[in-house]
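Sharing a structure, written as structure tokens. Questions coming.
The first chain written gets the first letter, and so on, giving A, B, C and D; residue counts start at 1 in each chain.
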């Protein structure tokens, strides 16, 4: 019986010839990532709960401070200090203010064929490079840090066959929201979303990150693209080598298959309070907004900033809108600075912040008030996600978000 | 002549407005919400102990720092009857007068008074502590006018023809 | 296991509702737990008693990987969470910290908040309103973790 | 008998030939600045006082800076109250995310030499850098001004600070004002005006003067003034009128005292925790490990400050486990610093550059610290608990010193 890419990665990590969906295996982890959302709890448990505290291999662990950056309160500072001190003591790679964890991981660590645990749900992003990345809690992460291993239930795989190419003015985010809207918030629960087909070849690694990143919003354990020449060139350009380059076998088992024709995708928006409540963006046009957010591990990369900057160039952000622009990483910020995009945003009246999770995390930067409305390129639109429980969050593409910021109400870029 | 007694809390020199009420609490909705944080960086327990009618005695430059009027308002809300310091920072001084919080400068009392003792104040005349009298000077006329009007808000209400 | 009261929530109940982002960096779970379900039912932390149950619909616990979500429920004394289905990270986290998470397709539609329920992990059944529902049994691997009191407890036990 | 600068401004304002220190007068207000933290309080008092119109909406400027970007739910209320007040009373000068109030008041041309300006923030003394009499007031008085356009003031005595000569290369105006505050003491200028004179001061940029006027409040001063010159005129975008060129202290003006400094004697200094007047030479503190550096604020977040920091950090990296947070003072400063490459240099060195605003200086967000941490900061106050817990140590320094410390991970004196 053939295996899918995900099964092959697990088999390699488990030292098994063959694995099949439903099996539980003990695996060696190639990398563990933890951020300031939970690391303070991991460190506390490390000190208080273990009989024999130890870190199996500090080189496999990465700590990234990205959620509350710069720190917004003494409690945050205490949590981050705990993390910093632990990293210092154990020789763990430590990044603070470098960018959103998944972007930093992709820029600096992730390699095809690796099995990576991250204490953050959007760890599924790493499938863009053909790695198996999945989100876990801090207890799992601690277990991994101590033993270098963990257990996984081998997931079933769903095949997403992509055909055609995205029309002008339609973005990978529109595609992924469309997919989630169709299959539902639990549509890929415990499963792997494998993207393939001619349409996949039209997507850059950054585009693929957008798709993989949101897979968890359909409940997926991870999402994955075959590491093709596009992925391998991207990797080589950054001086890294794959652990293993896997393709799914012809006779691999897929639990389900979907086909999406990229040519037919239109700009969409997810309505509050569920990511799978997806409608064509034109249906929500006219909703007055108080804040707009361009950023996050889903949509804060250079392509997204280019799209947003092209929309606002020569225009002013509406007086009653706070438009936060937050590049996903230092590298993205510097590229945007060099291309003049940062200047364009500043001239338009936007609020440009240092790379961090910002509004998408919703607890300390750009929080929105009672009954306020936000349109965001973030990952989630859950009730109260960005501030007051009565506030509303719409999700849209960078183009839709930027255009809405200018108009003061939701609109698509072609309506300006 | 107005006179009263009160229990004394003693503070040092240069008590700044960030100590009286830190910035992080300034956007709370009301002074009532803020007052529990009074003096929190220096003496977190103090706000809970101050009782209505108590007197603060401090060293020089009391209230230095920011222009936040929440500072005298918080002290008033905590029940502070008056503050006797060796000297006051000017914005704090103005803000206190405008809110009807009584301030008096006295150069020597601070060296002798002990926390917890009860002192007697005779406004514009003197303060008695531990059997000794310390002279108090009187306020300039224009400030007396504001205080007599009951604070600046009331003075403005009178100007605008509102019933006071 | 014993009888407890039910607190029922909707489909796709996400982790932001269980414990909002702004509280995640509080120093301890005990300081966080008073904010559980704040957006949906601010009184929940006061009303819930040790031994009570949380019942959900489909995809319970979707969203972030925050272990604080099952953590606050456990800290409030919730005996178990019963739902039609769970989001995987929440499920894994709950097992890892020793909070039973039980899949039961029928029960959630048959009960309301305030109903009483009895759960038998060994029989794999839940009883409410005089009706007994069968639950999906846990795989032995997870049962073992749960019975040992969670993942870290099991790790410590292995080392003894 | 001649007059000092502040006496001249007040005399002209009230239409008198001359005023004397100690005299209480009522001035007509040329401009007021309301910042976001105080706006809801001002609005409440304004209505409580029974006013139904603002005396002159064009003279009123609303600036959101302490609470931008929002970090707590309460912040939003302040924007909403400000927006509603501005709309209701026809106030058009509203800055919602353009930078720190004091930077914008001078940079955007709201303050001219000779003006009388009040603001609901203690660092309103800053506008003395362009020869205006400006000082901070509380929200009740601001509400009264909004209704009446006037305020009573006591004419202050003036202390003259005379500086001549050439500054050493590693010394910035921040080092000078810190030293002066140390010499005067935290209350050494209470109720008084400072007036800066001398060829060193004359050669300084308006930005450097701004740093010194800004910090005068830390010695208790009511205001701090520099005589307006061509540089001032250019900065304010005006040509000096008949009154402004003569706006210098007269030779025979009555100064309370004069402090005289030789520029060559200044060295890099720091204000040590937790008093602004606790001044020590940087070289005497060298080697103390640090956790964070903050470059920004209305004191030192301007173009020349960011350039000074960038010069120090060019080709270098911030030390491991040390954070460098840079918050430009205004949108314009950010744009200019981007254009000249300073922002790029700082970000490459590892800085986090945030959006212009008060940031860490006001202690609500922007890099709050925890017990036992030590920060070197270019802002104006190192009070207990200002940037986190009361066990955080804050050292105030110039941007050049701060940048050098960021690279070293410890206190160090730049060459």
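Throughout what follows, a residue touches a chain if its C-beta (ideal position, glycine included) is under 8 Å from a C-beta of that chain, and two chains touch if they have at least 3 such contacts.
Please read all numbers here as calculations on a predicted model, not as lab measurements.
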{"item": "Any chain that touches chain B and chain A", "value": "D"}
{"item": "Shared interface partners, meaning chains that touch chain C and chain D", "value": "A"}
{"item": "Chain of greatest Cα-centre distance to chain A", "value": "B"}
{"item": "Approximate Å spacing (C-alpha centroids) for the pair chain A, chain C", "value": "26"}
{"item": "Rounded Å distance, chain B centre to chain C centre (Cα mean)", "value": "53"}
{"item": "Whole-Å gap separating chain A and chain D, where each centre is the average of the chain's CA atoms", "value": "41"}
{"item": "Multi-chain contact sites of chain B, meaning residues that touch two or more partners", "value": "24"}
{"item": "Overlap residues in chain C, where contacts from two or more other chains coincide", "value": "none"}
{"item": "Numbers and ranges of chain D residues touching at least 2 other chains", "value": "72, 75, 77, 364, 389"}
{"item": "Chain contact topology (line, ring, star, complete or other)", "value": "line"}
{"item": "Chains that touch, pairwise", "value": "A-C, A-D, B-D"}
{"item": "Residue ranges of chain A touching chain D (in the complex, touch as defined)", "value": "69-74, 76-78, 80-81, 84, 87-88, 94, 96-97, 319-320, 322, 324, 330, 333-334, 337-338, 342-343, 346-347, 349, 351-355, 364-370, 372, 387-388"}
{"item": "Complex interface listing, chain C residues touching chain A", "value": "12, 14, 16-17, 20-22, 24-29, 38-40, 58-59, 62-68, 70-71, 85, 87-89, 92-93, 96-97, 139, 141, 150-152, 155-156, 159-160"}
{"item": "In the complex with chain A, residue positions of chain D that touch it", "value": "68-73, 75-77, 80, 83, 96-97, 320-321, 323, 325, 331, 334-335, 338-339, 343-344, 347-348, 350, 352-355, 360, 364-371, 373, 388-389"}
{"item": "List of chain B residues in touch with chain D within their complex", "value": "14, 16, 18-19, 22-24, 26-29, 40-42, 60-61, 64-70, 72, 87-91, 94-95, 98-99, 140, 142, 151-153, 156-157, 159-162"}
{"item": "Contact footprint of chain C on chain A as seen in their complex", "value": "24, 36-38, 40-41, 44-45, 49-52, 67-68, 73, 75-76, 78-79, 118-121, 123, 135-140, 142-143, 146-147, 151, 153, 185-186, 189-190, 216-217, 219, 221, 274, 276, 361-364, 367, 380, 382-385, 389"}
